[in-house]
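My questions will all concern the structure given below.
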Amino acid sequence: MDDSVLVQVQNLKMYFQTEGSFSFSKKYIKAVDDVSFNLFKGETFGLVGESGCGKSTLGRTVLGLYKPNAGKVIFEGENIFSLKNKRMKEMRKKMQLIFQDPSASLNPRKTIADILNEPFHIHQVGTMTERKGKIKDLMDRVGLSEYHLSRYPHEMSGGQKQRVGIARALALNPKLIICDEPVSALDVSIQAQVINLLEDLQKEYDLTYLFISHNLSVVHHICNRVGVMYLGKLVETGNHEDIYRNTLHPYAKALISAIPHTDPDNPKDRILLRGDVPSPANPPSGCRFHTRCPERTDLCSHAEPQLKEVFPGHFAACHLC
Amino acid sequence: MSDDLLDKDLLRISNLNVQFRTSEGVFKAVRDVSISIRSGETLGIVGESGSGKSVTALSIMNLIPNPPGEIKGDIFFNGQNLREMSPEEVRKVRGNEISMIFQEPMTSLNPIHTCGKQIMEPLLLHKGFTKHEAKARSLELLKMVGIPLPEQRFKEYPHQLSGGMRQRIMIAMALACRPKLLLADEPTTALDVTIQAQILELMKNLRNEIDSAIIMITHDLGIITEMCHSVAVMYAGQVVESGPLKELIREPLHPYTEGLLRSIPTITKEKQRLYTIDGTVPSPFNMPPGCSFQPRCKYSNPICSEQTPDLIHVSEERAVRCWRHAENIGIGNRSVLHG
Amino acid sequence: MLLRIMKNNLLFSIGIIVCALWILIAIVTVLVPSITPYSYLAQDLANRFQAPSSAHWFGTDSIGRDVFSRALVGSRISLIAGLITIALASLMGMIYGGIAGYIGGLTDEIMMRVSEMVMAFPGIILAMTIAAALGPSLHNTLLAMVIIWWPNYARVMRSMVIANKENEYVEAAKSLGASHFRIFFNEIMPNSLGPVLVLATLDFGNAILLFSGLSFLGLGSPPPTPEWGAMVADGVLNFNYWWIGTFPGLAILTMSVGTNFIGDSLRDFLDPRLRKEI
Amino acid sequence: AGCGGSKDAGTKPEAADGTKQLIMALDPDYETFDPGLAYEAYALLVLHPVYDTLMQFEDNLDAPIYGIAESHELSKDGLSYAFKLRKGIKFASGNALTSQDVKWSVERSMNLKGNGSFLADGIKSIETPDSDTVVFNLKGQDASFLTKLTYNAFGVIDSKVAMENGATNAVDANTADKAKLWFDTHSAGSGPYMIESYTPKVEVVLARNKNYWGKAPYYDKVVLKAISDPGTQLMMLEKGDIDIAFNLGPEHVKQIQDKPGIEIKKAQSMTLTFLLMNRDPKIGGPIANPNVQKAIRLVLDYQGMQTIAGEGSITPVAPFQVGFLGTLPPRDPKTAQNIEKAKELMKKAGYEKGFKTTLEVATLAVEGMDLPTLAQKVQNDLLQIGIETEIKTSDIMVALDPYRKGTQALSLWYWGPDYPDPNTQLAFLPGNPVGLRANWTADMNPELAELGKKAAVEVDKATRVKNLEEIQKMMDEDSAFDVLLQHARHYATRDNIQGTDYIDLYKIDLKDVSAK
Amino acid sequence: MGLLKYTARRLVFLAFLVIGVSLVVFVISHSVPSDPVLANLSQRNIDNQEMVDSFKAKWGLDKPMYTQYFIYVGNLVKGDMGTSIRTQRPVMDDLKKYFPATIELAIFSIIIAVFFGMLFGIISAIKRNSAIDQIIRGISVVGVSVPSFWLGLMFLLLFYVNLGIAPGPGRISPYLAPPAAVTNLYVIDALLAGDWSLAVDALQHLLLPGLVLGSFTMGLITRTTRSSLLEVMSLDFIRTARAKGLTEKMIIMRHALGNALIPVVTVIGIGFGNLLGGMVLVETIFAWPGIGQYAYKAAGNLDFPAIIGVSILISINYVVINLIVDLLYGILDPRVRYN
């Protein structure tokens, strides 16, 4: 196996049941439907797509927080879903999660010190004094001061809270961090601070990021490779130059053209999609995008395109490519 | 400012102050805001969360709840001071000559009335339409904002529609009476990227069609760039800089504007370390003395922390609230500014 | 905070004062029993059915006991009954609802149907049956009250737990490898308690009311305990001596009005949507 | 009522069609109007004017007089009673009343095995030699047989009508009889009234029987309103909404003493309130000591209790009601209490310092007096000899259980005679049913037990009286019971009606009530 | 389809409930120390073994508990709830007799409570924080805090005894005969019979107990209407309505009230459920021949068939009310209707 691969995601399926347990007609939301990709060591893999397309679900399933309906997540050669409880707990140390909403991801009733102590407590790492040292160290790394330790989350600004979230994720020296829209809730001026911090930390600790966002500019800025999701499917992956400059999938094209641009002198043409995103509970047949696709053909409405390597390292799932 | 200039302005706000009495004390959400807009023009207001953008817009509509809110200052609309009109007169202007689109399409529609009924409401109220006329006009509006199957949507309830669709209903409602001024308070923030693009496109088309003035509130500079003629940048309740879009983007005068522009990652920019503005927005209860931006400003001078700068017109259309520019054009003396 | 709310809210202030007064009375009459003008047990058949006068402010009852003294002493029973019922019911409801909400799925469905069944069950009849079956006593009455009361808390707790379960900080703890036990007690519980405790304070007046109702029906502690509800029942028996029932009834009323004033204002205050305007 | 000229607040409005109606409010306990099953205190209030009996009471309970019987003969051995029926009696249906109906009715009562069936236990067989003669053959002599005949279990039913509605006198009537529900809302008797309607908890309406053989009653209709609360009854009486308020406590009566338009009625009730003191040391503990029991009899303040029970209440020496044959004069409440002697007895029993125990009491009112209130008085009095009691209240139906099983140490109870004859009181003697509830067995006082047996079968009046008096004296010295009160019954009527005198068995004989 | 499915689910729950409720009472009845035999036979007959056996055989008390329970459930399915030990009548008949009285009173008081509760709530919300608001809130709190048994007593003392302006206890004046039973609701029956004065009399008798019984629910409704209306008034779509230029009155009537009613409906449901529970006390005071008194007596007498009967009846009632409330939701709230 390729040494540079940290995580292999293979045919992952994660369905949520929607009707009550007593009901006869069970319905499913196919939040993640047959998704495969690799994460390479030290890279930042961006995951973009519209709200509800399954980005967060994918991220969480990769972490093993959900039990998938099918598929494997192979982390350093081990399928995490076949691990025993104890081994899984060990594995947890290696992968962490940073959330979108910095307020919601911190328990409002705990001080920052408590929150940062939690990972050590759960995994029984070090003595009290060692932990204290480590916590101080963490605070340093994310650019917070020691006096923040005794505060409660609501006494801190959004950017600071997000830093605490990052510190917590870093506590156990993970290899992989899933960043679920880590800057979407932050103000523009703070967003830049956090993005820089994430970049610095990656360099320093050789971290691998799975970076989820719907802000394509941010993804463009921070990611080496990008995956575009639509209704639970990965429709295009490739390194960021490929995706932004040589877009293949019509949905990805539309997405990228929709980015508002800040250059008033160079207005550009947009690909306007018609209609709304269909519900994942009831996805269209064939290519899931065919209902909104400006380039659709008859084939699209019944045959489902597979993800194929169109250019080296650049995959797309479209009949037209 | 000369009188004829005043006349050209459809809306002119001068020295708007809005404060809220809260349990923690009096809190000034908007401080000395003065902006103006002419017919057919689009003004963008940008700024961080809590900088007072929405409050400014709501003040124009006189929708600030009182108590706890309190508005001071003048708002001239079509030459008339809205602040001096009776509530009944203001009400007649609202939804008729000035209308507003809100940020939250999910909650801004009444869940128990059909969309059609809600669009018809201002028509029946302000234009004296009969039910029949109003319905015809509503259907027309629905078509205009690009809603497929308008007849059917007319009878549906808001929860049956998607977010983008609801936002269109909001827009149709706001446009119903062909307002002279449209306030759009973050009309796309809650929407998905592709839907956002649809709505922005729609608004652009409508602007050309109805030729009314639009105030576009957002914290996304990209949207401003795309939509507006001129921009006002707000920070901590104050307008710190305003001017025509292109000039402002190319040559920001205020350090905050500059920081803002440089800290946003774009796909056109090459991949490099992002510029950051250190620190955070000050708490409204704990404003620094002098210039509000001074604690985060890399050009900070001693005077910045002593005296609050005024909004200085550096050219006919551009103004900035910064001591650096006060000095640049040679007026360091407060009294001169008031002349 | 208390003072700040009090300043702006007349009803709340009244509530606080009334409740404080009753608590004070309850404590003082326990510590210094001689503070009441007469012993609450002292019978005086020569002076039965005396109308209110300077000697007996609230008059005397059918065996010549001083209604005023009995009304004062009665406060402790009402307070204790309210306290115990609410404490036990909320504890039980919290555990039950917490478990149902946390586990979810079929377990939740079944547990909630069961609690709904208890709620559908006519409470006062259940209480009467239990009390009649086991014999009326303070214990049994409180037991019955707890049995009919806990589902309220289970419901609130469950919804809180379900809401909090989805919180990102819970996911964070999960991703750190925390056990269910830890997640439940450390992350979810503390954040779900608030509304339950609020409900508990609000319910206090209702508990006192229900208790007095049951004791009116003869299901409280046995005589000669000066229980307000039972004293009103005495007043109904001796209809023409209005004071026997009127004053204990007023005592119940003031106490439950007091707690409800507090609860009502507190609810307003704690409701974030309404709070910002207070 | 309703016919007086005055229209003041205290006069109830007249019924629309001018029918004369009597409205009485009471707190009834009746559960059925099937004469074969009904056995509640108020059953005869309704059933007496509906079903005629061979014997009945008028005015007092000393001696029953003839009802529909004209005469009777007792055989020499005292085992066979032959009754001649009045001629020409018709049921409300128009059917003639025959001896066959009498036999059928009594047999039905016996076979239904209802609560009142025991009254007929002594009957061996019934014969009907001809249509107006009926003969009862008894298993043994029974001094109280004629009295028992006044009960509704011996009420004469129109057997034809009854059988049409599912009634039967067969041996398996217990399960085969389907007429109970019918009897609740209809009647098949020959008395002055018929049951017109019955709404449980609301009212019973009696309507005049046009075929009645005797003097027609004054009222066309009698409405018995179920109003459990005495205060409410009183209010309604004051307002003139009702004519009779039957369940007033002594205190209510005091309140209306001087009110115009109201007449207060007082009578001796046959209801006793007594203290049961268990003789079994395992149950009663110190209470079981006869000396303690005597001390309790001495320490109680009967005067105070009579104050609580209201004017007219008295305290008999033993469980025999004043008003029955052979009852001793009641205690003098002023001198009955002797605390010194009680203390001595406690000392003698070894409980100088007193002890703690529970006093059990059912939550109900007896003749307008709240039992738990009285219990508090007892509790108070017992403190004087150091007996600390904790009162345990329970609903009557719950309390009955330990009472009947004899597991109460000290409890407060009431007693109404099963039939108006001193023989029914012999139950209190050692070894007899009530005595055994205090675990007072015959061997604890063999002399008394023996005397009780003799008294039960004695037919000679003088000897009966002698025996009964002796029994009472002995029970004053040694008994597991202490009779606290024989109650007075208080009720009130509007003052424009008459014939409302109290008869313990019927409460009020409704056919006798009329406007003044 | 959704509605059918929902109703079906409710009915399943109902069956579950009936079994559960009867089982609970059954278990209690067999775990209590008291013996219904002793409680219900006369003193004499206790000593008569033959009598005791025949009694036990008649009620199935000699069989093991589970057999008794199965017998019971079997009969229940056939609509037979057994015979009351105390009244010796079929429980079903008893319930049919007493329940209408209770329902009549409950409906009357819920009407009073809903009318005044909503009226007060709306006034209170509109005049928020005014003296009127404080007074209404005071009244509503007193309404929920006042012990009904005491209030009943006070009302009777005052209005019936002292002032003589209200009729006394009972369903109709004692000298009147009840109307021919059709619905057993006296007011309606009297109207059906065309007897106006009787209907008025019955209505007058409903007044005091209705007020006493309704006071709690009225307080609850006032409170909920007020806070719900206030809450709705702070929602986004109200701001939208204001922005359209509607008058405050129109906003309240057209936009706020409909939405505010939704939680009020729940409270009305809860209130109705509470009424049936509170009946015991009020019926005792007002000599009202309803299910409450029946239950009280049954509980006191350990008349288990009757207790189970009443419990099942009230539980079914609870479910039915909930069903009605949910259906009302559908009417008031299209979000529910279309899901």
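The chains carry the letters A, B, C, D and E, assigned in the order they are written, with residues numbered from 1 in each.
By our rule, a contact is a pair of C-beta atoms (placed from the backbone, for glycine too) under 8 Å apart; a residue touches a chain by one contact, two chains touch by 3 or more.
All of these numbers come straight from a predicted model, not from anything done at the bench.
Student: Return the chains shared as contacts by subunit C and subunit D, ordered by label.
Tutor: Touching subunit C and subunit D alike, sorted by label: E.
Student: Using the stated contact rule, I'd like to know whether A-C or D-E comes out ahead in C-beta pair count.
Tutor: Taking the two pairs in turn, the one with more contacts turns out to be D-E.
Student: Please compute the C-alpha centroid of subunit D, do the same for subunit E, then give the distance between them in whole Å.
Tutor: The answer is 38 Å.
Student: How big is the gap, in whole Å, between where the Cα atoms of subunit C centre and where those of subunit E centre?
Tutor: Their C-alpha centroids are separated by 22 Å.
Student: If you average the CA atoms of subunit A and of subunit D, how many Å lie between those two points?
Tutor: Distance between chain centres: 87 Å.
Student: Compute the distance, rounded to whole Å, between the mean C-alpha positions of subunit B and subunit E.
Tutor: 54
Student: Multi-chain contacts in subunit C: which residues touch at least two other chains?
Tutor: Answer for subunit C, listing residues that touch two or more other chains: 132-133, 236, 239.
Student: Two-or-more-chain contact residues of subunit E, please, as numbers and ranges.
Tutor: In subunit E, residues 33-34, 284-285, 300, 302 touch at least two other chains, as defined above.
Student: Where in subunit D do residues touch two or more other chains at once?
Tutor: Residues 229, 232, 235, 395, 397-398 of subunit D touch two or more partner chains.
Student: Which residues of subunit C touch subunit A in the complex?
Tutor: Residues of subunit C touching subunit A: 105-106, 109, 167-169, 171-179, 182, 187, 190-191.
Student: Quick one: which bits of subunit A touch subunit B in the complex? Just the residue numbers, please.
Tutor: Subunit A residues touching subunit B: 50-51, 157, 159-160, 187-193, 195-196, 199, 214, 216-218, 220-222, 244, 254-267, 270, 272-277.
Student: Note which residues of subunit B are touching subunit E in the complex, please.
Tutor: 61, 63, 91-96, 99-100, 102, 104, 107-113, 121-122, 125-126, 157, 159-160, 170, 173-174
Student: Can you tell me which positions in subunit A touch subunit C when the two form their complex?
Tutor: It comes out as residues 20-22, 60, 63, 65, 88-89, 92-93, 95-97, 99-101, 104-109, 118-119, 122-123, 165, 168, 172.
Student: Mind pulling up the subunit B residues that touch subunit A in the complex?
Tutor: That would be residues 48-49, 148, 162, 164-165, 192-198, 200-201, 219-223, 225-226, 245-246, 249, 256, 259-261, 263-269, 271, 273-278, 280-281 of subunit B.
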